[in-house]
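Look for chain A in each of the two complexes below; its partner is chain B in the first and chain C in the second.
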Partner chain A sequence: MSERGLTDAALPGSPGRVDLAHLWKQRWFRWPVFALGGMIVLQLVEWIADPESEELLSGGQAGAMLRWSVPLLLAGLGGMFAERAGIVNIGLEGMMVLGTWFGAWGSVKYGPVIGTAIGLLGGALGGLLHAIATVSFGVNHIISAVAINIMAPGVTRFLADEIFSGYAGGSISQSPRVASFGSVELPVLDRVSWLTIIAFAFVPLAWYVLWRTRFGLRLRAAGEHPSAGDSLGVNVYRYQYAGVVISGALAGLAGSFIVTELTGIYREGQTNGRGFIGLATMIFGNWRPGGTALGALLFGYADGLQLRDRDGVHALLLVGVVVLAVLALRRALSPKRTVVEVGLPAVIATLIVVWYLLRDTVPPTFNQVTPHILTLVVLVFSAGRLRPPKGAGQIWRKGEH
Partner chain B sequence: MTAAVELQGITKRFPGVVANDGVTFSVESGEIHALCGENGAGKSTLMKILYGMQPPDEGTMSVDGRPVHLRSPKDAIALGIGMVHQHFMLADNFTVLENIILGSEPSKGAGVLDLTAARARVEELSRAYGLDIHPDQVVEDLEVGERQRVEIIKVLFRGARILILDEPTAVLVPDEVDELFRNLRELKANGVTVIFIDHKLDEVLEISDRITVLRAGRTVGTRDAGSVTAAELAEMMVGSELPSPATGETTVTDSVAFAVRGLTIAGDGGRAIVDSIDMTVRRGEVVGVAGVEGNGQAELIEALLGLRHAQGTIELDGTDISHWSVRRRRNAGLGYIPEDRHRRGLMLDAPLWENAMLGHQARSPNARGIWIDRAGARGRTEEIVERYDVRTPNIDVTARALSGGNQQKLIIGREMLAEPKVLIAAHPTRGIDVGAQASVWNLLRQARRDGLAVVLVSADLDELIGLSDTLVVMLRGRLVATLDPARVTPRELGSWMTGAALDTGDAA
Partner chain C sequence: MKKNKSWRVLLALLATLTMVAAACGDDDDDTTAPADTTAPADTTTAPAAATTAPPAASAISVGLVYDTTGRGDQSFNDAAAAGGDQATAELGVEFSEATPNADGSNRAELLQLQADTNPLVFGIGFLFADEINGVALANPTVNFAVVDGVPTEDPAPNLALLLFAEHEGSFLMGAAAALKSETGTIGFIGGVNVDLIKKFEAGFTAGAQYINPDIEVLAEYITQPPDFTGFNSPDRGKEIGLSMYDDGADIVYAAAGGSGGGLFEAAKEFSEGGDSKVWAIGVDSDQYNIVDPAVRDYILTSMLKRVDVAVFNTIEAANSGAFVPGFNIFNLAVDGVGYSTSGGFVDDITGDLEDIKAKIISGEIVVPETLA
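Right after this comes the complex of A and B.
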């Protein structure tokens, strides 16, 4: 079919027309507009929902958002490195669990800095295991990752019983308290951990490595079209190993972060599905570092709000209504609309409004699942525009075409 | 002149077949040399040997006069031999530049890409050889011809002086073929040696200096392009005269088997992809649908089969089937030869006998109740293989192991043995060789004699004119003309297809 040729032929290099529609196509223009729009919506909602909450848009909330988004960001970047190399890594959760335990153990023994590095290595170990299974032995990526997710909590429970039980305050399910990495005072955001700053520095770094180095180009080739790389002498297996091990290391770092910066203690089950949400931020971010960071901030916002302010979550419902209404409207204006695509967000939005008006607070259980629901809603409605690496999830064997 | 490449007595055996049997082949430096032969004649094997992908069992090879032993494509690349595969090896989501430099990236040190230097080099190659590409475009947005140019530059970027192109025109539309040939002449003018594998004889004669024909793994001979005709080459290839698609006597009856009324498919932005199409096909009639690709033919076929939602009515033997599922339509007698065998027609990695059930898997003899009837299905497959001359060692090999022509015969056999009333054939001879083409034409003629109503969509104008009883032309989703194939020339048909005939008011 050559219809693509007909439609796209006019696109490249249309000279000099700098109008709004053209600007809108540029990412650097679009994202700030989205961000500004988002802030206006939040401000309006806060205003309408007043006096319930003043927490939707505040310095404290911004700091919390930043803090809570770090594990998601690191997990998301980790997922990105693996999938860019063609290996799906839903084992991030398990690797993050390894990171929490090793991070806590290292911090107890050697202090938070070396401890964090040990947590990173613990996650990398999980990544290595996943790489051996999927790359060398051709095990289905999902099966290997699920095995890691099941195994990791077992391993950490065993290790905790063996080691932490001997410490004062430690037990089979938790460690003694650990020290924080250290922080710095910043305007608006209050105290920000050095580790948070390092984590966000990974965003441009990941971009640079993947798009501006030989290593990154070959790694991405392994995930897009491994046979093409193979036919040009690229050792696809080596780059897939590298991608998955980096992925595990980032997940491990995320685990360490939870221990040293968020809770100050290792506690069983404290990752609470963040590895999976990290994967969702990667998808939301369209397998790109910048988008992943944005996704992490969005989900981190919900995560942080949930813990800080229950009224805030109630007010946040209105934000959900606005988002859904916009989506429904966009679908309604598109020529390829279907009843479900327009109707579903509209119906959900209406239900939320009814609920909002009838009840003054959100039940606490709902509070906890907010980030997950937000994740689902966002992913469902952004799925159409995504472009995953083509080879992700496929088991590639050398010599195949 | 010294030979750029010389192969002497090359023999390559695979279990059960001799792919190359003492092949001798010599290419002079700076010429365009075509390698012709039917599918299965051994062309691809020979090129894989030349590119170091497979070692020969016997025979010697020399490049620029020196004997060489290639162990891998890396050795071939080091000798300046590059290959453009038939199926492109390009990552869709990469830019042109990224695809070209992958594996041989210029670096500023410490593994940091030197994109400026890479872009300059690619632009230089692009200018020097007249290969028009834009380094920063994403490959996904490129047309097939452009992708091929990227592949060629990719090979030149690695310093190739001998270029092997494996059936480069199979994926191109006529305009793109012209462009490719211009590029090849430019390469030749710059001293590049081109080895060109193809089985379309008119193209081969147009572009090459010399032509070597292979048949059944042996060299039949080498001829100068100036002193040989297409008919002679065809005889060398198949060992007999060139077949023609002509059908002979009419078998058209009066009873309408298939009727389409007001069929419309809405597209993006309000313009219909298929716009109120009316069509009737009678028993024993072949209705040929002509048109430049992308004018709605593919969508029309999908709508007829129920793969795509459409407005309007479709009647099979007077029954309205427009709201029926694909399965129900097929059970009611709709046969389908898909445009893309690999995507729609076959499961490439499944054995033949499973492939032979596809689309009929819930029916006798393939099934009994909810169970697959293994014996019945295998028996049916044996029948297809025998009656439709599918050349295969047995029915347990995967579909991938068959040549394109044999895959197509398997599909046709599968559809015909289900005794359809209407057969929808999309590009039935695309990408298959002369011999298989003749048998596919025979099968379609047989179907017509048996009283089937056939809808034939094709890009091959000779095929359309030769096989059809009625020709309709599709342009921008509409049927713009109904022509008599007995009187229309390919040239006239072409002007209808592009809309030129409409503009000049040359209506029939």
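Right after this comes the complex of A and C.
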């Protein structure tokens, strides 16, 4: 497989007849168009649904979207580094848990900046454990990761009881208050934490490292076809170790972010499954940094809206309808259309419209999950042709293939 | 090759050690429960003490099982712990404590563990209601008490239900918020949308409207049952707090257990970033005195729910053989609920609050338990 094949796999392309179609194929052109289109849709929905608080497009909501997307983004990027190196890492959740405890402990002792770095190292430790089990010992990736997910809360509970119980305000289940990283005032978004900015800087950085450096090429080779890489002199084990440790470090950073920026305290169970959603984000993003960032922002938007404005969730139903309608239309126009691919989104969109017209609000029990269900529905129909790294999940032993 | 192998063995050892450490972590927590080895001597006589009330020659021992957040939540569980600590200091009672695991699945086991060694066992929090009833029926010689809980079945004859008039205390909070608010908008954050927490909202809203009928009360619950993580989500509490301050509320009251800490962070962050100071109202304990000094100046007052009084009184009664099973109601009249003045932020309105308090006690004001 050529270098080109590794980078631009599975981009649906139409032949470049007109200039616009040619432009459309350029990623730098498409993303702003998507963003602008999304904002227009939101604005239209806001006019039609007319919620009192106008939260769909407010600055506060934009800030919340950024805040809530960061843990998912970092976990997603972490998952990407591991799977690009061929190791499936569903242990992100456990590594994130380690990150929360170590981040809090470091912050309490040395302040938030060094504390965040310690949280990152805590996550990397979890990654190292996963790498030792899967790369050196050839343990099934899922088994090892599940073990880490079960072990991490036990370890942190033990550590919290040993260390945080000695502090005023600390206990077996929580740390004393942790200071935040500090924030900067930006237009529209209000206060944005420095750590948020750093997290989003990882998106282009991850792209550069994986697709523009020798290290990245070899790492991806280990994940696509380890034997081929091995035959060309790539030390597959070393790159897999690197990928998984980086993965754990990013998950640990996500944990630190939850502690210092989202809450200001370590509390048991505060990761709340974000590691797994981060993994879904990575798949949504087709194992690429830009797509992962987009997925994280989508989930973050839904999370923030669900908390800030329950009426807004009702209006969000209309957004789902628009997206589904566009998808159905696109399928209908494509030459390879099937009845299911066109019909199902159309039927679901119709059902949502009926529901929207019959009820003024989303029932509270359903409210919490509505954004996620909507995102999942959109995900299922827009997934199209995902392309995971070929060697991901495979246990590779040198000389046996 | 040989070298490589020994390296692997070392790593395997290391990994095993880590696993063992983790396993110890879980065990360690549970084994703190039966820590007091002196208890068994008392247990043989204690059941008799509870029912036939002989003089208390030596103090009884007590088992406390907290709710999932455990001691150190700076709120509900800490209030219960304070009652236990007071009993230790004043009555010489020895008490052992335990905290359920994060999903609360081992509540019944921990209660049984405490009942094995103590003649009086507390379950702290309404989530214990049914489990403690079951354990109480199975251990008729041990006395049990549950804070906030009413079991769905008939309560066992050896179970005391310690209940509070939270709506009365919350009425005072609503009145204080309405008296202090400059924007005419205030907020309420409930941890989980259950009847117990709705009682807080009902009292708070009624109190605010008693002062200012036109006041706008924003209300939001973090989670819906059966998802009880709303009591342990400071991140979500903070985001909801920020959105309420964004929407013009200048005082927000949280009845959300451990999530309330997030509201204090939101008040601090919003006040420091914007040009006006906003307030939070605490719950259960006098939170001004418990939270980190960095956020205490944003806590206007706290609705005191004297879980410590309830725990202490129950221990005292059991210790002297006067344990009362069934309903034990703690309201404004017996100072079971109230408000805090720490920080001095409500000093200018204590006259009004005392006035309202007297009217509630005399029955002139009837506080609703459900939203109109």
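Here is the rule we go by: the second predicted complex is superposed on the first by the 368 of 401 C-alpha atoms of A that agree within 3 Å, B and C clash if a C-alpha of one lies under 4 Å from a C-alpha of the other, contacts with A are read in each partner's own complex, and residues count from 1 in each chain.
Convention: a contact is a pair of C-beta atoms (placed from the backbone, for glycine too) under 8 Å apart; a residue touches a chain by one contact, two chains touch by 3 or more.
Only a predicted model underlies this, so the values are computations on that prediction, with no experimental measurement involved.
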Considering only touches as defined above, state whether A:T213 meets chain B (first), chain C (second), both or neither. first
For A:L262, is the partner it touches chain B (first), chain C (second), both, or none of the two (neither)? second
Looking at the overlay, does A:G229 come into contact with chain B only (first), chain C only (second), both, or neither? first
Larger residue footprint on chain A, choosing between chain B and chain C, goes to C
Using the touch definition from the top, say if A:A221 reaches chain B (first), chain C (second), both or neither. first
So in the superposed three-chain picture, is A:D161 touching just chain B, just chain C, both, or none of them (first/second/both/neither)? second
Looking at A:R330, would you say it contacts chain B, chain C, both, or neither? Reply first, second, both or neither. neither
Examine A:R238 and indicate which partner it touches, taking first as chain B and second as chain C; both and neither are also allowed. neither
Quick check on the superposed pair: does A:R387 touch chain B, chain C, both, or neither? Answer first, second, both or neither. first
Chain A positions touched by chain B in one structure and by chain C in the second: none
If you look only at chain C, which of its residues touch chain A in the complex? 8, 11-12, 15, 18-19, 21-26, 28-29, 68-74, 99, 102, 193, 220-224, 227, 229, 232-236, 238-240, 242-243, 246-247, 258, 261-262, 265, 269, 273, 290-292, 294-295
Quick one: which bits of chain A touch chain C in the complex? Just the residue numbers, please. 53, 55, 58, 60, 64, 67-68, 129, 132-133, 136-137, 147, 151, 153-159, 161, 164-165, 169-174, 176-177, 179, 185, 190-191, 258, 262-265, 267-270, 272, 304, 307-310, 364-365, 367-368
In the complex formed with chain B, which residues of chain A make contact? 1-6, 8, 11-13, 212-215, 217-218, 220-221, 224-225, 227-229, 231-234, 335-336, 387, 389-390, 401
Interfacial residue positions of chain B with respect to chain A in the complex: 73-74, 85, 87, 89-94, 98-99, 101-105, 107, 111-113, 115, 134, 137, 141, 143-144, 173, 266, 268-270, 293-294, 298
